[in-house]
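The next block holds one structure in the form of structure tokens; read it before the comments.
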């Protein structure tokens, strides 16, 4: 397959892409044309269909489409002028090629993740984690495949697993270095902190906020989900349930960032920093990856409110 | 009974008060004495026991105590010098005399409150409100008696009922004047918005934050409580459940004020303003009531970040 | 008349519109053309004159123009390609068709408004309101016709009357429910709070900030105006004048919103909330009205800093 | 006269001071005593009357009192133990000795101030300034004597004149260096910018906010005053009146600092900086003067949010 | 030479300009064209090369290019359609014509600047200033020629000299009017405050941030430079060195503006205001100069967060 | 030795303490007494000398004093009533007993610290670190002994070493987990980030800001120090020097926290988070340690702007 990231000006391509968007527009002269967003796992591209002839079959947003196009450069970006187009059949393409994906092996990551449950001494938290990540097959499957975000950081297949695992490694280091930490509580908070995102964001290939996600948000969703399972574990200490909920509730660190409580436990505070550091490093390196490797300075970054630079000398 | 608000310098009092606090201290000369905070429904007073003689029986914070004291003025405040003290027997006092209370009749308010349920056309929300406020006797009893706050506004017996009822009247006016509002949703949001406070704050006579209240807060508690009952109503529309939860979640109006979502529905936005206006007017009038009626200006108020004035000319 | 909101792609129109703007531009090929903004009470539309032939007579911004045009869709919006154009004669059109207008009857609203003056017990405030809204015919006429804003909320013919009346109804409710309020002062503050806008904003059909409006603003203008009339009422209590001025001065609620004083009176605080709630509900419903009724979510709204949703389930 | 600033521990004093405050208190042992704040132009001092014998005559806050006292040091401060006290007769004291005063000659400053009017070329502004500062004898007298603040900077007799004159000198320099400035407008804005303080703050010897000052503030008061005189000058250009009002209105520079408009004219912006620099330098030097000249560092200053240091090496 | 500011629609120009930028683009029809930014000291202009014929020689950003072009108006701006183009030879143009420059004479300004050194009584600061501005010829030359900014204020040849000199005049006035100021320290701080910009910003004709400038900034660079010279002056008092460094370090006034220390000395505070007032007046007058002199209001200015107006009536 | 933390009410003590402060005061009755702050490594205590008899020898702040005192409880705190006092001789006491100290072994920590230098592949950074921490014996000695702060976190003997070492361990983990990090740069930035504190804060036993510390701060001081050594290493790459300086400069993360640059390198951003997490965890656990182990909730903490809780259930 010819990935969008590898296409050059002047190329002729005949391949299948995901139609991430489709709009019907008119030229100034009044002629109707289509503007189409092509997507594969390496990114997206802007395509036009100037001539709506017989070679252009019906299609809609979300379809996998086979296109025959030539590539031109327009105002510094690639543009795909599509001459022929039809919807592809299942089997002609592998969905995995059309969503960006973690660079790590999902099963390796999952196994390492499960290993952290064994380190949790508290029997209630251990049991709760086991129920979610081991016994609840549907949950585990979703957790392994979901994105951690609509954009910004870990916005790819396996993203929430990669992010949570990165955080668990940091959590282990923190629990080793600072014995004041309760390891079980810190791990449990880490494991569950973003689980609400499984319902806040819709699934691949097109990630968006769900109705529930917009109305009540992943923090709330996660806590409700947790509560449901906790209520089914006879004898689960109510105080522990509140401490764990507080971990989830406060992990954004500040009210202004959407946490209705500031961290009141040392593990909750640590969780906030662990989340922050894994997310920010991933964001920063994603920004560096997305720019010309020849440039030291890669331009002003709204997320960091500064210009950023490659570290080399 | 002789209320603390009515006591004057030079009085001799022999009466029963709630011991809201008790500390053991020493004078500069090294002599041990007690500092005691007396409470009744009109306020609190600072008492001292300088001489720990036989007339001073054992007592602790939370006891109703019968004291024999003389009243002096010390640095502008009343001070009660206690000569004799014993713990009072149940029956010697009426608990109602020891907590500040709404000036309105609880049952009248409750009946008016119930009347609003009848106006709710949506059968699901009507059913939900009925289950809480009518059928759940324990909940209804707590709701009628509880405070709406530890301090600030409606911090008295019946406070949450008075505050919620005041808001319902406003909600009715708003729903009448602006037909775009969904009356059932606005009423339901209003009725349930602060219900989490029944568990966030401990009961009279000594109101304080509970462990659960500090860890997860009344917004979260209220939504969990609501969810429990909703889950028992077969067929309750999930979307409506999310809309109602959003009403509770967003009623503080801003992330920085502890709402993890800003109001996204017109009823949610209205609820935020209705809550604000009833609370602020009560706060303002309570501040005016607590000051010398002869003064036009009653001094800088931290809550309003300004000096406030009685409106007269 | 064919309103702009009712026009569809492919239509041919021959009708009179207000020219809200006119620019002379060039195509990339160097040919001169006109870009014209057409306006009627249902909105505005983007028109082009590609061919400056004899059928295109002289015209300027602010003219009512009769156009002969065909309607195309360009990048998702309607575009009017004008073939012929002349300035319309007075009598050919009714100005009322060209400005957005309140949906309510102006005289009904005005009569209801006047009724509130009768409820004002304070003779000085009653007299002052009567002088402005009843006896000063020119003022009353302007007040009935003016907009409450350049954009945002109540930005239409009769807008300031509709907004002030909506607030008076709320003020009446507040004064009824909270007896601590001085009804006369609250009504007077409400009636006069935005009167400075009559001079801050220019008149229909094209609303813009006046020189005076930009330099000193409607709060200042309103107070000066008020002072002029107050000074002509012998015996008007100076303290009352200051209280009333304070109501106007502080109605934005915060220094950062342009009020040089925060509300120091309970009526001033209430006025701020009453203004806010009427304006915000109108803004919210206007935003909902302006979007596709089939969508639940209507997109991110800068004014509310969130995505907003229709309340239905 | 023996000034408070010159008194040492162990002194016996018999002199007249202003009673700036008087409170009736009780010792822990229940004995009544008076706490009195003495004031003269060099500062204030804390006095006590432990023994309310026949030598202590009736007196109240605001009286000039003759006291017979011994000076002790209590917790690092001087304390005056008063043995005898009577109210002084007019003629026994000179009020000038009891308020802090500018170190410059009032008439010299006033004459220099008047000289700036001559430099104003604009006949309307020149005429307006002449009417206030030259022809309105009562205004001129008040302006020469008033304080510029209740505390902070230039809080002394002649303070507003000293401050305004210091600003005029800066304004002259600015107008000379930057020809873009309109000298007349800059001078007029400077002369009038704080005139509202003559009514915002009560007079010496005890400065406090007036009712009018608290309700509408010196910016508003100043503009109303200005308007009254402007309206009596036939032909005064309305646009110029608005520009001048804007200068006053915007001189705090930011909405959050109480200016309902930000500076929109280059002279208005300059006025804001000129006001700021004169006020801040005076504040800084007053803070340095009030501390031990042997210390380099004089401690954290809330007004500057930092520790400040004497500049020497 | 025909300056860009003097060109009108319809002109034919044959002249040399600096190529400030060059991009290769495509029309919608797929034809390659160049977009070129022309620069001279009066501003910049947008040029296009639609036809890449033999008359268009090779050139790159930074070249001085001789162009043969016709001027059209496109969407309200001038556009230069280039027909022929070649790189100009040294000698054909004078670089001074291609960068905006101070309107004052560089040498006159420099001589006046040097005169301020003579007024510095402190021998160490006098010696330090002399070493930089008189004896270090290379430094002096750069200081006379450099810009004070990439944009905003004094962004032209000689800009840092003009700005620093304007500040010195103000500093002299301040030192005269407020004797508490140490003149030598105030002058020295003023002279050196922006010297780091000589290395923070690259040289004319194309000003941009240097690597060092972005990484450590002009405050840091200036202090390092200063330290190098101070270390070579035997006996320079270390305390004085710290005071001077503090002046540079704190001259932005607030941490949030990039000063790691707030002003702790009265001269440091004055320096901050002097810098601010000279920069803001220049910015304001530059904005006025850049707009149509017929308009009173010149539109919303992001830098001042308000619309600004010419002061005339 | 009898540590202050182990003293109980009613004890009689005869031991040597550091005099951390000494004030001369007077009782209300006019009698002179001394208020003395005693210090040892477990904390400080409030002592009084009521009777200035022959047993009380001369002493001053900073002396090690031998006292004979009885312990009473006054308003909830211990108070030491001193009867006899003399200055102790060197040899009578061990200074180590009088300053709070790290609980870890200084030499163990130092050796582990040195081990990190070996991991630095970049020869320039390795050489620079070696020069400071290994070859510069005086620097190394100071670094091992100094505090990391005047208060807040790691405010004890060995504090800067413990804090920097804790950060290095985290840095190693980060460099291992995120290969994008340049290990040498991250380690170097970590090692040097707070070195300026060795001059910003005075030495034990009484830590305070130095003149240099207040005027230019530890960030500036550290960079100057670094520059001095870098300049002596022939061939040290200037770009690398700037990158390293940027690490130090930006490690507070935000301008408002005193960093004149925001982190522009991924290692600089990581350094900021590493500093934050080690400091915050230490602060949190210090706060927990300082409170009654029986309480779950330990009260509102200004540093975290919330009440904090021990994590147990």
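As written, the chain order gives the labels A, B, C, D, E and F, with residue 1 at the start of each chain.
Following the convention adopted for this analysis, a residue touches a chain if its C-beta (ideal position, glycine included) is under 8 Å from a C-beta of that chain, and two chains touch if they have at least 3 such contacts.
Owing to the predicted nature of the structure, the values given are computational and were not obtained by experimental measurement.
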item: Joint neighbours of chain C and chain B, given as chain labels; value: A, D
item: Touching chain C and also chain E, the following chains; value: A, D
item: Chain located farthest away, centre of chain D as origin (C-alpha); value: A
item: Homomeric contact chain B-chain F: same or different residue positions, threshold half; value: different
item: Distance between chain centroids, defined by C-alpha means - chain A, chain F (Å); value: 42
item: Inter-chain centre distance, chain D versus chain F - centres from mean C-alpha coordinates, in Å; value: 45
item: Separation of mean Cα positions, chain E and chain B [Å, integer]; value: 62
item: Contacts with two or more other chains, residues of chain A listed in rising order; value: 211, 214-215, 239, 243, 261, 264, 307, 309
item: Every chain pair meeting the contact rule; value: A-B, A-C, A-E, A-F, B-C, B-D, B-F, C-D, C-E, D-E, D-F, E-F
item: Residue ranges of chain A in contact with chain B within the complex; value: 211-212, 214-217, 219-220, 223-224, 227, 238-239, 242-243, 245-246, 249, 255-261, 264
item: Parts of chain D lying in touch with chain B, wherever the complex brings them together; value: 23, 25-26, 28, 30, 211, 214-215
item: Chain C residues within the chain A interface of the complex; value: 72-76, 296-297, 307, 309
item: Touch list for chain E against partner chain D, complex; value: 166, 169-170, 173-174, 177-178, 180, 182, 185, 237, 239-240, 243, 261-267, 269-270, 273, 276-277, 280-281, 284-285, 288, 304-309, 311, 313
